[in-house]
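Common to both upcoming complexes is subunit A, partnered first by subunit B, then by subunit C.
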Partner chain A sequence: MDKLLQLVVAGLVTGSIYGLIATGYAVLYTATGFVNFALGAQAMLGGYLAYVYFPAVPQWVRIVISLVVGAVVSVVSWNLLYKWAARRAMLAAVIMSFALAIVFEEIIRLSAGGLNVPAPSPFGRTVFQLGAVTISAHQLAVVVVSAVLFTGLVVMLGSKRGAAVRAMFADAETAEVLGIRTARLTTILFAVSGVFAAVAGILAAPLLTLSPYMGLNLALIGFVGAILGGLGRIGTAIAGSILLGLLEAFFAGYVSADFRTALVYAVFVLVLVIRPAGLLGRVAKVKV
Partner chain B sequence: MSTPSTTPASPDTRLDATTDDPQPPSFTAERHLAPKWARWGLPVVLAVAAVALPFVGIDSAQQFLLAYMAIIALLAISLHFLMGIAGLFSLGQAGFFGVGAYVGVVLMDKLGWDGAIALPLVAVAGALVGLLMAVATLRASDLYLALTTLAFGFVGENVVRNIDYLGGAQGLAGFDLYFFGLTLDDPLLIYWIGLGCLIVFMVMITSMRRSRLGRALMAGREGPIAARSIGVDTGRYRFLAFGLSGAFAAVAGSLYTAYAYVLDPSVFGLGLTTTVLTIAIVGGLRSMPGVLVAAVALTWFRSAVDGEAISEYVLLFYAALVVLTLLFLPQGIGGAMSTSFRRLANRKGRS
Partner chain C sequence: MTLEVENLSVGYGDVPVVREVSLEVAVGEAVCLVGPNGAGKTTTLRGIMGLSRPTAGAVRWEGTDHAGRPAWSRAHAGIALVPEGRHVFGPLSVVENLEVAVRAVGGRRVGARIDAAMDRFPRLRERRAQPAGLLSGGEQQMLAIARALVQEPRLLVIDEMSLGLAPVVYEQVGEAVRGLVSDGLGVLMVEQNAALAMSLCSRGYLMSGGRILLGGTVEEMAHEDAVAHLYFGAV
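The block that comes next holds the complex of A and B.
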């Protein structure tokens, strides 16, 4: 029982981090139909900016820099690169984002080295004992920060101003006809996804140790989480990611820690075969 | 429409569809611009020249380069077939390659089978992985293809890394491989086997393009819904495309172990995926000559800078090249060349 509770905590923590990436996917996918592969690499970039570069600057400043850069990278890459490729074919833009992820990975590898870098948590090393369950300050912070961000996003989308975004999710062309500035909204959503990715990187680094190669792994796992729940809505994408985190923790705790990556993708393939719309997603008809 | 999807609208997932392209879709545009002798003679002459190339008298380093070029070209053509002909976007070529490499080593080194039996079995193993990939992507939107196929490489790496029989994270080294009784450590033998597979595969693709099969594949690429409406079972052709591509990519992987003499989980890695993707995108997905030229040129470039300081930047350069090509030259070198060639031919015809 104690082990079970401990695994639930671990699963919630990793699931929240996957959820941050998955939210980015869901927001961009519903708004533009684009799957941004580079989100994982952006998370990695955020982690490096917060923990490795500019060691002389106080950490909170570096975290702010990391968040700002996350938003800027996201917005610039859409407006300068993906948008033009997406006009021709969405798949070209997806390949482009994959290539851009490799570019980020290589830039970081060349400038900071390809080895794992330890990242001390900004929340200190305090460990809380709740009954039989131990939870570190960092783990607690991960859950709290993600919960705040998720609720913030949901509240924003539910508000009156958020109605414009929802209108765009439902039908971008009609929204544009009704006078909603979809281009500006898309830019804002890209900024949001960039910030979420940077937060994911900052939160994940002390748990996983930083390396240039963590990016694509995060990108893939976040995507699996989003697919598991359903990419079409933000809530289902988050729920799917947390579910995936729990599944992974249980598998690692009870079956085999070595083969957890294989499990994640086995789940992925199964979902795609059995229920491509996601466990919680609604099956939508393709418009012809 | 029976295929469920989460796609709110159906975005255009074709990689190189151009709205402002003056050309009609290329499967209807298979017009012959070159005279017949050039169409048939040139490839035959080039193939004979490629087979005879080692007799010109080249040193050992160049022999190894040739072998490597043949392996990479085979892998790149397998991607050309999947992406350019069938329109199925794959980042899973490294998955096939790695499976081929490991199956090849188990059969030829651990079990001591001759390559003449083992290589066809490797192809079967690659085809099976391809079929599995096809199952996984059958009902999903094409935008998921990228991540789905990429996941196969990650699974492969995770699995072999944790199996001691396959060398674990360190990998295996020093194999005794045979092909028809000949030791498979001679780069020229590897080159000729690779070239043989490459030529067979290219002949298959070329003849397929003009057959019912190829037209069905290309119809699925141009418009899956339209293709289904005229009775093309796009799902079945997807199995075929993934299976065939996987078979040849696996053979390439198996030849690679003979070439490299070591085998570790990095064969599943992103470096290879990026390299092949760069070759296919820069060469032009739909253009077989373009892909071949890009395979030879980029492999030569990589070996030329090997050991130099800039070799560290090769992957960065490749990835940046993909971004720039997609932005400015969406049809790649091959596409750009054939467009200007057509324009030239049209002008000549009019005047």
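The block that comes next holds the complex of A and C.
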């Protein structure tokens, strides 16, 4: 029982981080049909900005910089690169996002080195003991911060002002012709996905240590979480990610910690086999 | 106030579909654009509304040429569209569909406008909290029209209203359109069903092969051989 609770905590923590990336996928996919595989690299970049660069600057300032850069990188890459490729072929834009991820990876490797860098949690090293379950301040912060962001986003989308975004999700062309400025809303959603990715990187770094290569794994696992729940809906993408985090934790705890990554990708393959149309069927038909 | 479409050409990629179309709609009149399937009516409309970028020509409305502008600019300038196939926002409730339309053009008195639309279509009031995707076809058409009307447009553009509508519902909706025109609204109707369209409009244009063949009052058009030929002669 104690072990179970401890694994639930671990699963919620990793699941929340996956969920932050998955939210980005879901938001962008629903709005544009685009799958942004650079979100993992953007998370990594967010981590480096918060922990490695500008060490003389107070950390809270670096965190703010990281969030702002996260939003800007996301918005600029869509409006300058992906959008134009997507008009001709969505797949080209998706592949382009992989290429951009590698560019980010190389920039970080060349400027900060390729070795893993430990990242001290901004929330300190306190550990709470709740009965037999231990939870660190950082783990608690991961769950709380993510929960606040998820709730905030869902509440925003459900509100009267958010109805314009939901209208765009349902039928972008009709929304536009009714006077909704869909290009502007899309830009805002890219900014949101960029901030969420940066937060994921900031929260993940103390758990994983920073490495230029952490992005790809985050990008893929976040994607698995998103499609596990359903890429076309924000709430289910978050739920799928948390489920994936829990699955991974239980598998690591009860079966084999070494094969946990294999499990994640096995889930990925299974989901794609069982309901591939949910994913690919819609990518082909969505227009920019 | 008049919508003046001048020498509008619209194509997909390098293939021109509509060539040098000119037409006019004044506020307070109903004008139809008729023609057989594939004549280029919907493409013309997409060009006017900014959903397809025109390769040439102008779409002038109240002194501004909207041809090169993004689609949303028309709604803000007082042109509302009832799209073909209705295109209501399925996951949104009936009320949300209407609210979103009012807010999209920065409209005030949201509640009053929605009330007025529901007075016009009482069925929508009964269904106000339901997701629009669950309405019947006729109810969705009413919602699509109500959604355009709550924007308080000066010009209403209606694309293929008769498609998939039961005659009774069509009659009901047509009655509403007549009332709107006498209230001073301009209406541009694109219709494959020429007889239905001409019963609602005072003037019309006939399209075929991506061009306007002729235009005139519906009485004049009813006597044109070309109309009869396009619709009945080839059969």
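Everything that follows uses one rule, which is that the second predicted complex is superposed on the first by the 275 of 288 C-alpha atoms of A that agree within 3 Å, B and C clash if a C-alpha of one lies under 4 Å from a C-alpha of the other, contacts with A are read in each partner's own complex, and residues count from 1 in each chain.
What we mean here is this: contacts are C-beta pairs under 8 Å (C-beta built on N, C-alpha and C of every residue); 3 or more make two chains touch, one makes a residue touch a chain.
Keep in mind it's a predicted model, so treat the numbers as computed, not measured.
Under the clash rule set out above, the superposition-derived model of subunit A with subunit B and subunit C shows the two partners fitting side by side. In the superposition on chain A, A:Gly179 makes contact with subunit C only, while subunit B stays out of contact range. Looking at the shared chain after the overlay, A:Phe128 reaches neither subunit B nor subunit C.
Vectors from the Cα centre of subunit A to those of subunit B and subunit C enclose 90° in the overlay, to the nearest 10.
When both complexes are overlaid on chain A, the residue A:Lys160 reaches subunit C alone and has no touch with subunit B.
By the touch criterion defined above, A:Leu91 reaches subunit B but does not reach subunit C.
The gap separating subunit B from subunit C in the superposed three-chain model is 5 Å, by closest C-alpha atoms. The interface of subunit A with subunit B overlaps its interface with subunit C at residues 169-171. Residues 1, 3-19, 89, 91, 132, 135-144, 146-148, 150-152, 154-155, 157-159, 161-162, 225, 270, 274, 277, 281, 312-313, 315-316, 318-320, 322-323, 326-327, 330 of subunit B are the ones that touch subunit A when the two sit in their complex. Those residues of subunit A that touch subunit C in the shared complex are 160-161, 163-164, 166-167, 169-171, 173-183.
Looking at the complex, you find that subunit A touches subunit B at residues 30, 33, 35, 37, 81, 84-85, 87-96, 98-100, 102-103, 106-107, 110, 169-172, 213, 216-217, 220, 223-224, 227, 230-232, 258-259, 261-262, 265-266, 268-269, 272-273, 276-278, 281, 283-288. Within the complex, the subunit C residues that touch subunit A are 49-51, 70-72, 74-76, 80-81, 83, 87, 89-92, 96-97, 99-101, 103-105, 147, 151.
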